[in-house]
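Per-chain residue numbering starts at 1, and chain names A, B, C, D, E and F are given in the order in which the chains are listed.
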Amino acid sequence: MKVVTFGEIMLRLQPEGYKRFVQADRYEAAYGGGEANVAVSLANFGLDTEYVTKLPKNEIGQGAVNSLRKYGVGTEFIARGGERTGIYFIEKGASQRASKVIYDRAGSAIAAASPEDFDFKKIFEGADWFHFTGITPAISSAAAGITLETVKIAKAKGLTVSCDLNYRKKLWSKEEAGKTMTALMPYVDLLIGNEEDFSDVFGIKADASDIKAGELSKEGYMSVAKKVKDKFGVKEVAITLRGSISASDNKWRAMLYDGQFYFSKEYSVHIVDRVGGGDSFAAGLIYSELNGFDKQKTIEFATGASCLKHSIEGDFNLVTAEEVSSLIGGDGSGRVQR
Amino acid sequence: MKVVTFGEIMLRLQPEGYKRFVQADRYEAAYGGGEANVAVSLANFGLDTEYVTKLPKNEIGQGAVNSLRKYGVGTEFIARGGERTGIYFIEKGASQRASKVIYDRAGSAIAAASPEDFDFKKIFEGADWFHFTGITPAISSAAAGITLETVKIAKAKGLTVSCDLNYRKKLWSKEEAGKTMTALMPYVDLLIGNEEDFSDVFGIKADASDIKAGELSKEGYMSVAKKVKDKFGVKEVAITLRGSISASDNKWRAMLYDGQFYFSKEYSVHIVDRVGGGDSFAAGLIYSELNGFDKQKTIEFATGASCLKHSIEGDFNLVTAEEVSSLIGGDGSGRVQR
Amino acid sequence: MKVVTFGEIMLRLQPEGYKRFVQADRYEAAYGGGEANVAVSLANFGLDTEYVTKLPKNEIGQGAVNSLRKYGVGTEFIARGGERTGIYFIEKGASQRASKVIYDRAGSAIAAASPEDFDFKKIFEGADWFHFTGITPAISSAAAGITLETVKIAKAKGLTVSCDLNYRKKLWSKEEAGKTMTALMPYVDLLIGNEEDFSDVFGIKADASDIKAGELSKEGYMSVAKKVKDKFGVKEVAITLRGSISASDNKWRAMLYDGQFYFSKEYSVHIVDRVGGGDSFAAGLIYSELNGFDKQKTIEFATGASCLKHSIEGDFNLVTAEEVSSLIGGDGSGRVQR
Amino acid sequence: MKVVTFGEIMLRLQPEGYKRFVQADRYEAAYGGGEANVAVSLANFGLDTEYVTKLPKNEIGQGAVNSLRKYGVGTEFIARGGERTGIYFIEKGASQRASKVIYDRAGSAIAAASPEDFDFKKIFEGADWFHFTGITPAISSAAAGITLETVKIAKAKGLTVSCDLNYRKKLWSKEEAGKTMTALMPYVDLLIGNEEDFSDVFGIKADASDIKAGELSKEGYMSVAKKVKDKFGVKEVAITLRGSISASDNKWRAMLYDGQFYFSKEYSVHIVDRVGGGDSFAAGLIYSELNGFDKQKTIEFATGASCLKHSIEGDFNLVTAEEVSSLIGGDGSGRVQR
Amino acid sequence: MKVVTFGEIMLRLQPEGYKRFVQADRYEAAYGGGEANVAVSLANFGLDTEYVTKLPKNEIGQGAVNSLRKYGVGTEFIARGGERTGIYFIEKGASQRASKVIYDRAGSAIAAASPEDFDFKKIFEGADWFHFTGITPAISSAAAGITLETVKIAKAKGLTVSCDLNYRKKLWSKEEAGKTMTALMPYVDLLIGNEEDFSDVFGIKADASDIKAGELSKEGYMSVAKKVKDKFGVKEVAITLRGSISASDNKWRAMLYDGQFYFSKEYSVHIVDRVGGGDSFAAGLIYSELNGFDKQKTIEFATGASCLKHSIEGDFNLVTAEEVSSLIGGDGSGRVQR
Amino acid sequence: MKVVTFGEIMLRLQPEGYKRFVQADRYEAAYGGGEANVAVSLANFGLDTEYVTKLPKNEIGQGAVNSLRKYGVGTEFIARGGERTGIYFIEKGASQRASKVIYDRAGSAIAAASPEDFDFKKIFEGADWFHFTGITPAISSAAAGITLETVKIAKAKGLTVSCDLNYRKKLWSKEEAGKTMTALMPYVDLLIGNEEDFSDVFGIKADASDIKAGELSKEGYMSVAKKVKDKFGVKEVAITLRGSISASDNKWRAMLYDGQFYFSKEYSVHIVDRVGGGDSFAAGLIYSELNGFDKQKTIEFATGASCLKHSIEGDFNLVTAEEVSSLIGGDGSGRVQR
């Protein structure tokens, strides 16, 4: 089974340990980006993947390609050209101090790409699933146009299409997001978001009665999912429910809705790196669905995969399907494996 | 507004991560010291600052100057000369293993400084506030003498004077501390200490009835503050209340007394580095008072600043006033800022 | 007082921080192994120790010798020769992701050693105690043979003999372990194990009524200890009781049985490195017994030593007896020592 | 004496040691840029300096400010705003493999700055010297316009103006460079370039007879300097003469022409980092002239300063005037100073 | 065009910088091995490659696969299974102190592989060239058997076969090597060796008159090449000529003989890492021949590629064909590329 | 055979790579000191050694002890107590920039030691050789007194005594040095110095005719050695002859005089770390003499040992006697050992 994802991969620069940006005399360098993170996670689960983007023909762009090849992601259809590779700086938070991201992605090769850079008819040959996030159409209007064309082709070719809303307020306004994402919805089978995305992008909120002491109740999430499914006719809606105690400790669970509601167990996670948490959840869903897991196992697998991601440095979820299965099978005690 | 601080800045050497001294083949090198930490924190809040000390005319002393200039602290009045820069070694604790400090500061340039090294009349021109800690007079009798002269000049010039007791048993006895600090009190407006300093330095303790199961009650702190204010006639007394669960986790809150009592909210902090916690509290107080915050906001700002310090590597509190305001405004959940 | 230990010391390779193996471009290198860990811990407590093993005559083997000499362990009787030094790779877990160990120890010098490599009659001169673990006879049948000869000599020479069961399923089957370890029991005075070792090696389990909700009750441990003592006639049985909340947080306490039961206090440990936790416990027992501590203090000292080990990087427990005494005396709050 | 410089400072990212970009999982982070490098070098020599540029109001921009403050460079007039800080990636070469620079500076704050960002009349108050390089006008046409206005103000205020041609083919064409730089020449007193700049920017070449076996003779440089002075009427022309044996070893000397020719001694340098070599030369010239050194000492000081720069990591020349004087006084044997 | 190589890839562990093994508390980790190095170099030149070996199904083996995928080498036919990944430790020499290699490769998966692990008929489909080295048959007699079968299949399928003698005295005796390699020669088209391999493996030496002052003359190499070609009937013989001045500086050139003699220019290389020098030479030859370069350009390209390798950390030659072409086109001065 | 050395061991702190002090945010930490360096080198050659000093009872002092034990040096007679461990900071030079040492050793435990700290009669039991350097008596007058007593005891007990003059101008004046060292000479058998020590300490210079173009001729060294032997009646005089081309490259050879002159071959060394070069030479002499090498082999061994030291990081010469023998036997080409 083969999954195609499309988006932007950036150079990720992070001060060592808990150092702040102004203390950094050294940056840990890696690559990451929503859709690339999904592709790597799926490759680690053993699926065939193709990641599509555009990257400059220099060593910084090559580094991005290599970071994907290293984990077995297909890079055959990455267009090469353009001026620069997007960059994001990230400072790891702790306790009451939040992690901080500074984007430096304007003018990247993918933002300036044109439809001719990608032959999606060819790219989708033999593929079963297409995944994208709300970041891709947000990068530039050109990227938004390509994304729309792409989902149409995907649909026409019979692929399942999943979309993670991933609203980024620094990239576009709620209005732009709402308009663009709404136009994409007819082609989406599985729609994924966190607790704020549906409100930010579509203005879909839980009823007032579902909010208690400033926190959304389980019923609130259920009501949002139902409204989303009803409005756009997507087959499934998945929502992650993060309980942010501090930058060091989170609660983490999720919900899947296909007409019925499925809730995962809740994890208390001690955070190593929470970037890519949502992407690892999306990958878990895709893997589960392609393997025909039942819905309860699907949401458990996706949530468990994402739980493990929080313990791993970098954007990529470097765990195997066996490791996820072992966790959701009950082994979360962290005993040494030897 | 301009704040002057006076004291000793040392080279700080720390094994990497959680390594013990005997495992160290590499030391993280930084600079720090109570009064310098206050100056850097205030400079990060946007105030003009001058830090006064004496440092040798070699590269180790120059490194200390540079570490202050980097964050915008004024270094114009640092005397240069003397034999050595004080050093302190610090090993980071975890769980039940406490952090450990080894001082190697005897014979430092500031300990051997003479009054001629500093022209405080000139230094205080245009200044609004003078801050020192109980460490400075403890360094040497010469330093104690300079400190006494300095607070007199500060007072005569109309500056507000704050003092953090900071009792260090390795530097002097309780008797010496009590005698010397008592002589300084007439010139102090704001007196700061932690739960043990007032007892160690002045023998001022809570009433027996305030201690329950070995722990001081809220009422106990109130009684200490009242006794201190009554005895020395200082305008304000501020006390930090650390609840040390382990080397990894602390409770942290504080109290301000100016005739009335103001208590901050309490934070549960997961510790990255707690050295400089008290200094960041003092800086928060000074900033708040110079900005005319009301007393409740003052103690919240100071405690919030100090809470964030616990998440930052090194002695210096590298946070902005905006970050502190955001925390005390309610955002302590540590969600990624992007 | 002098303690002799005998076993395998390996090169330990660990990715930096929380990196997974597939992310490692650098390994922290140290040495460790059950019996060597006990020897180092005892040397840090101030006892004379001799560690006996076989290591190749190359720099990797020399590094192992040096790592022991550094902490004052006697290395005079280490045989030199053979093909390779055993290696183990360890990846540090966090939260729900467990630490992972990959052994690469086949064909090591000690596994291929012969009885002629060691003159235990001479080695035991002036010694009071001999310690080994169940790993040593598991390495190879040659090593098992040497171990049996060694305990016989130790007994004949009047040494106290302690054994930590340390069952490793990757080294041998339960059947092999049971047969070999049973043959060694007549020479053992103090038998140590964790909650699973007695069942894995000897098939000795708690009564069904002692297991509630999948967890062994205090009474269960007591019943196991009693059965073990009754069956093998060892003087004392010590059992560690780990409560694994996650790879980051554990509960830790232990029990000693000599006809009566002694339970230590329980610690909540935030884990830096838990490898060597059991070895540090064994060292704490040996030290306590050689110093004539009463049984309650013995189990407290051993458990406290082991608690501190969890906060230290590497296999070796780099704490002094004073630090352990301070902890069990009540100072576990982790306040900075300065 | 006070020197003002104006230009772009970038974040400099370098793989560790001799690693290539595609091997980099970590970047050494520093800041640098032609005019900033000159300012830092002059500050290290003890002169007052002001560095003028525009930087974003985020932590990456703040890091640039801090890197200058650290060495005592004045940053009061740095405008804050704009989208991004320019970046350059550098891979250190060795032997036959050249160092490689990848610029990622498009869209930086200074490139998009406007004249209103800088009040040069105020900035030049009390200043004696203004220095810029050919990189500044190459950044953008806006920057070129500001540069022209700036040199006019500098001239009107009686400052000495120096310019280092620093032709960068990736920033503009030879034609653009020639036209823009020619317009700036009337305001320049001291013109600096390497062996190719005069040909690239102005088309001024040595006579054919001065080239032997592909290498320019001493006479060739003399003829170029004379032509430049004759054409533009600058007071002085300085040319660096690099003999590039390999990326590891260079020959280095320079020439000054003010109507007469002054040649420095030649150094064989074993390269640690040659970026900023030309900037350190310019700083050496400015320092010498402001101190009234005779011309021969001037060229020796500048060349010696630059020689030492090649032994220092990063863009900045972190040497004192005393160290340069010691070298040109004859002590280049590298004996340990203790 | 597609090239297949077959051999052993090992985990390479190196102390940082110039540290000796006994100083190492950290190892730089990479992967390398003669035939893998050739594959990576060819992939960097843009050729299709398949690398064939056997690796364990654990993370250490996976790391080897990933290191190859990262650079685009085909890993589809790598068998997975067996006990361990071979390791080699390397300490970098300097000046008069030689680099030192400690092999720990006994019992590796590839040494214990069986013919069934590899379906070379399928692997060779679409391939043009097969390369192996004398290390592969030296690993074990099983590996030697597989190698012989493999070259037969390669020949039958019409591939060009190249062999680098790479005699390793720690793996087998000269007698064993001579016998095994002689049996392989009928299938070899291009035979590569350094100045000692031909003598060690085949006993083919230059005439006494060709040795002057202990050093082989150019004529000596010519005579060896001629004897080798005459004896085995290989089409071409290539010999590298290293002049080892010290561990830091070498002379490097090479010769190709196909009936006529072609000598490359000689390079003076300042060494960053010379491991893999011969492999990069072999890759240069293969690339040149597959691209139809004339023989003089072939030997220049191979020698230039190898020259650049000496400036790169690790086993792999991370240079492009363009970089090699630029060097052999005359640009070896190491000027910064910007 | 057993050698005793006596002196000061310091914590050595060095910025990483070629970074200057003002760039250091991290220090490589090691220990070193003239006499300790000799002891470690001899232990590496396989001799029994005892190193005598005084160190504080804290972890910094313990680190020094551990650094010696690691390499097998006897530490039984190290006195524990006093205030601090001496420190020296070292910045590695390159090319024309010299390495720089900043001493911070005032007030160290050994400087303040008293005769009662050491029982040299017991320490010298079973010893054959005593070595000290001119640094020890320079530390303090107390240390000078102990040194004089010590050599008297050594002589009385029949040990051979060697002394390395090691004049340090920052520790004492030439007059003090001359007076103190002259008083020690009657007890010295082997006197070692570099080209300047004899002039600095004793005022013994070569004749004017021996100096040509500012450099001492071979005859000059011979004349100095002769004068020294004649004046003090020492049995042997050894002089090292360093030719300092730059901080990166040196020439290195040495001379031994016992009535006849013996010159070593000369080495061109590419420097990794030249600190401890003289100490490694002294150790080579002592080892050679204790092994009864003839005088020519003695000077070759000592010079070869010292040549290798220049390629090793840190103060200690971590080479075996076999490695030295191999070098002086002719293998200095630096070929990879595998």
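Here is the rule we use: contacts are C-beta pairs under 8 Å (C-beta built on N, C-alpha and C of every residue); 3 or more make two chains touch, one makes a residue touch a chain.
Since we're looking at a predicted model, the values are computed, not measured.
Chemist: State the chain with the largest centre-to-centre distance from chain D, centres being mean CA positions.
Modeler: C
Chemist: Is the C-beta contact count larger for B-D or for C-E?
Modeler: Pair with the higher count of C-beta contacts: C-E.
Chemist: Using the average of all C-alpha atoms in each chain as its centre, how far is it in Å between chain B and chain E?
Modeler: Each chain reduced to its C-alpha mean, chain B and chain E end up 62 Å apart.
Chemist: Could you grab the centroid distance between chain B and chain F? Build each centroid from C-alpha atoms only and quote it in angstrom.
Modeler: The separation of the two C-alpha centroids amounts to 45 Å.
Chemist: Any chance you could list the residues of chain E touching two or more other chains?
Modeler: In chain E, the residues touching two or more other chains are 17, 20, 22, 25, 66, 71, 100.
Chemist: Would you pull the chain A residues touching chain D in the complex into a rising list?
Modeler: Against chain D, chain A makes touches at 13, 20-22, 24-30, 58-60, 62-63, 66, 83-85, 87, 89, 91, 100, 102, 104, 106-107.
Chemist: Within their complex, state which residues of chain B touch chain C.
Modeler: Answer in residue numbers: 17-20, 22-23, 93-101, 103, 168, 170, 244-249, 274-275.
Chemist: For chain C, which residues are in contact with chain F within the complex?
Modeler: Spelled out, the residues of chain C in touch with chain F are 66-67, 69-72.
Chemist: Residue numbers of chain F touching chain E in their complex, please.
Modeler: 17, 71, 267-272, 307-308, 310-314, 318-319, 323, 327, 331-338
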